[in-house]
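You will see two complexes here that share chain A, one where it goes with chain B and one where it goes with chain C.
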Partner chain A sequence: MEIFLAQFIGPLVIALVLLTVGFFSGRYLEKKHYTSIIARETSPDQVMVFAERLPPPVLPAPVTQLVSGSVVISSDYFKRFIAGLRMLIGGRLNTYESLLDRARREAILRMREEAKALGATQIFNVKLETMSIGGRNPNSVSCLEVLAYGTAIIPHS
Partner chain B sequence: MRYENRQPPEGINVVEHGWVRDFILLVIGFFAGLALLCWLLLQLVAWTAKWTPFSWEQALTNSWALEEQSSEQQGYLQQLADQLAHAGGLSPELALQVRYSEDDTINAFATLGGNMMIFEGLVDAVDSEQGLAFVIAHEIAHIQHRHPVQAVARGLSMSLLSAMIFGQTDLAQLAGVGGSLALLNYSRQQENEADRWALQALHNHYGHVAGADELFRKLKEEHDDLVLPEWMSTHPDLDARIANLEKIARDNGYEMDGELLPVIRGR
Partner chain C sequence: MLLSNLEIVPGRRVVAHYGLVQGSTVRAKHVGRDIAASFKNVFGGELKGYTELLNDSREEAIARMVAQAKAMGANAVLNIRFSTSSVAVGAAELFVYGSAVELE
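The block that comes next holds the complex of A and B.
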C-alpha cells in the first residue's frame, strides 16, 4: 500500500500542488508586473527609444554610449503545463507570449533607466536578444534572458 | 524632425486571459481523447497478447537463470499446484513452475512463463490446506488466462504511448498516473476472473469449497483500517471478494461445508 501511495498518488498530489501554486503566483506576479511596466512606460520623463541606426547629424556631435538592460525571467509550472498541452496540437502559446512580452518590455525599461542615469535623452539603434538559460535539457529550469541594447545619445550640456 | 515615443495599445502581442480557453479546451478535450485512445490500445493489446505462444514466455523466463529449487516445502507446493491445475483444467500447452521463498510476506504471485512465487508468510498465515489451495489455484488461473503476459503487454504499450506523446515533460507523469489507474481496473477484473476459476478448481479437487476464503478473512481481521478506496487498488476489496466468492459458490451449487485438511509445513 505504501508503495502504491508513493508511486501513484505522490506524483499526482505534487503535480496538482505545483499547478495550483504556479497558477496563483503566476497570475499575481504577472498582473503586478504589467501594472508596473505600463506605469513606467507612460511616465512623461522617459528616455525615448528608436530602432533607427543614427540620429540626424548635429553640431557639436553628441556623446554616444552603449547602454543595455537585461532581464532573466522564469516560467511557472502552470505556464509550462498549458504550453505542454498546446505543443500537442499547435497554435499560439498564450502563456509564453505574455512571459516574453513582459521580459522584452522590462529589458527596454531597464535600458532606458541606465541611459537616463547617464544623462541621455534618446537611445538609437535599439536591439533585442533572447536566450534560454536552461539550454536544451528538458529537465532544467525553464527561464530565459532578454537583453536590450542600444546607443544612448547624451547631448552637450 | 520631431521624435516621440507613443505607447502602443495592449492586446496585440499578448491576448489577455488567452490561456483560459486553452486550459479548458485542452485539458478536457485532450484527456478525454487520450483516455479513449488508451482504452482502445489496451483492448487491442490484451487481445493480441493472448495469442503470444507460451514457449516465448518460457524462453524469456529461462534467460532469467533462476536457480532450481528442490526443497520439501517446494515439492509439496508444486504437487498441490499440479493437482489443482489438473482439477481446474489448465490448458495442456501451459506448464507450472512453483517457486518458494522464505520471506514473511503474505503473498503469492504468478508471472511470465508459468512461474509462480509463493512466500513462506502465506503458508504460515493459513491454517487449512484449502486456504492455501485457493490462493494457489487463483494464481494458476492467472496463468491459465495469460494475465501476466497481458499485464506486461499493457504496461509496455502504455509506457510507449506516454513516451511517444509526452516525451520527458511533466505531463508524462500525470499521464502515468491516469494510465496506472486504468491498468488497475483491468487488474481488478482479472482478480475476479481468477477467483471464479480458482473456486471451480477447488470444488473439482476437494468436492467442496469450504475454507476458500480463509486468507481473505484473516487479512480482513488484520487490516481493519485499510484506507485506500477500491479504484486505487490492484485487488477488489476484501468484503467484496468474500461476498463474490459466496455468490459464485451459490450460483454454481458448490458445497460450502466440508472437511478441512491441515497445511504441511516443512522446516
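The block that comes next holds the complex of A and C.
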C-alpha cells in the first residue's frame, strides 16, 4: 500500500495541480484576450480587410505595400487534457476551435495595425497561413502560428 | 524594391517579367525560449519569443528573395506568397516566393 502511495499519488497530485492551474489561468487569459480582440475590432477608423484579389481601380493610383501580422499561441494544460479525452470518442474539439479563432483574429488585427501605421485605408488579397509547432511530441498541438498577410492600399495624398 | 501580393501595381505598368524568385530560411528554436514555452504550455497564451523569432526569420527570407530579384534587375516582386512547414521537431522552414518584374 505504501509503495502504491509513493508511486502513484505523487504524479497524480502534480497532474491535478497542473490541471487546476491550466484551467484557471487558461480561462483568465482567454477571457482577457477576447475582451482585447473585441475592443480592437470594434474601435472606429479601422482599416478595411478584403479577400478580393484586386482593388477597384481609382484615380490617382494609390501606393501599395505588403503588410503582415503573426502570432504564436499556446493552449493550456487543462484544454489539452480535455482534447485528449475528446479524441477517444471523436467530435468537435471546442477547446482548439477557440484557440484557432483567437489566433486568426489576433493575426488579422496585427496586420491591420501595421497597415494603419502606414496610413492605409484598405488591405486587399488577404491570405491566412496556419502552422502547428509541435513540442516534444510532433503529433501534439502544443502551439500554433497564424500568419495573415495582404497588400495595404495607401491613398494618394 | 516594391513588394506586393497583388498581381498588379495600381497605376504602373509592368515592362519586363523575370520569373520566379524565392527566399527561405530554416530556424531552430532556442533552448531558453523552449523552457519558457514549456511553462506557457501549462498556462496558455501567447508565446512572444516565438512570434518574434518567426517574424525575424520571415524578414530574412524576404531579404533573400529581394536579393535574388535585385540580381535579376527587377524593381518589384509581385504576387508574393508565404509558406511555412516544420521540417523536424523544433525546426521550421519559412519560405517566401513571388514574381520578379520591372515596373516603369
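To be clear about the criterion, the second predicted complex is superposed on the first by the 145 of 157 C-alpha atoms of A that agree within 3 Å, B and C clash if a C-alpha of one lies under 4 Å from a C-alpha of the other, contacts with A are read in each partner's own complex, and residues count from 1 in each chain.
The criterion applied here is as follows: a contact is a pair of C-beta atoms (placed from the backbone, for glycine too) under 8 Å apart; a residue touches a chain by one contact, two chains touch by 3 or more.
Since we're looking at a predicted model, the values are computed, not measured.
A.B. asks: Given the superposition on chain A, are chain B and chain C in a clash or a fit?
C.D. replies: Chain B/chain C on chain A - fit side by side.
A.B. asks: Figure out whether A:Tyr149 sits in contact with chain B (first) or chain C (second), or with both, or with neither.
C.D. replies: The second partner, chain C, only.
A.B. asks: More residues of chain A in touch with chain C or with chain B?
C.D. replies: Greater contact footprint in residues on chain A: C.
A.B. asks: Which partner does A:Asn125 contact after superposing on A: first (chain B), second (chain C), both, neither?
C.D. replies: Only chain C is touched by A:Asn125; chain B is not.
A.B. asks: Have a look at where A:Ser98 lands relative to chain B and chain C in the superposition and call it first, second, both or neither.
C.D. replies: After superposing on A, A:Ser98 lies in contact with chain B but is clear of chain C.
A.B. asks: Scan A:Leu88 for contacts with chain B and chain C and give back first, second, both or neither.
C.D. replies: first
A.B. asks: Please work out whether A:Val21 is in contact with chain B alone, chain C alone, both, or neither, and reply first, second, both or neither.
C.D. replies: A:Val21 sits against chain C, while chain B stays out of touch.
A.B. asks: Applying the touch criterion given at the start, work out whether A:Tyr77 contacts chain B, chain C, both or neither, answering first, second, both or neither.
C.D. replies: A:Tyr77 sits against chain B and chain C alike.
A.B. asks: Once the two complexes are aligned on their shared chain, state how close chain B comes to chain C by Cα atoms, in whole Å.
C.D. replies: Across the overlay, chain B reaches chain C at a minimum of 12 Å between C-alpha atoms.
A.B. asks: So chain A touches chain B in one structure and chain C in the other; where do those two contact lists coincide?
C.D. replies: Looking at chain A, the two contact sets intersect at 77, 80, 138.
A.B. asks: Give the list of chain A residues in touch with chain B in this complex.
C.D. replies: Answer in residue numbers: 1, 4-5, 7-9, 11-12, 15, 38, 41-42, 46, 48-50, 56, 77, 80-82, 84-86, 88-89, 92, 94-95, 97-98, 101, 122, 138-139.
A.B. asks: Okay, in this complex, where on chain B does chain A touch?
C.D. replies: My answer: residues 1, 3-5, 7, 10, 13-15, 18-19, 22-23, 26-27, 30, 165-171, 173-174, 176-177, 180-181, 226-228, 232-234.
A.B. asks: Considering the complex alone, what residue numbers of chain A touch chain C?
C.D. replies: The touching residues are 18, 21-22, 25-26, 29-30, 33, 53-55, 57-58, 60-62, 64-66, 68, 70-77, 79-80, 106, 124-125, 127, 129, 131-136, 138, 142-143, 145, 147, 149-151, 153.
A.B. asks: Which positions of chain C touch chain A when the two form their complex?
C.D. replies: 2-12, 37-38, 40-48, 50-51, 54-55, 58, 80-86, 89-90, 92
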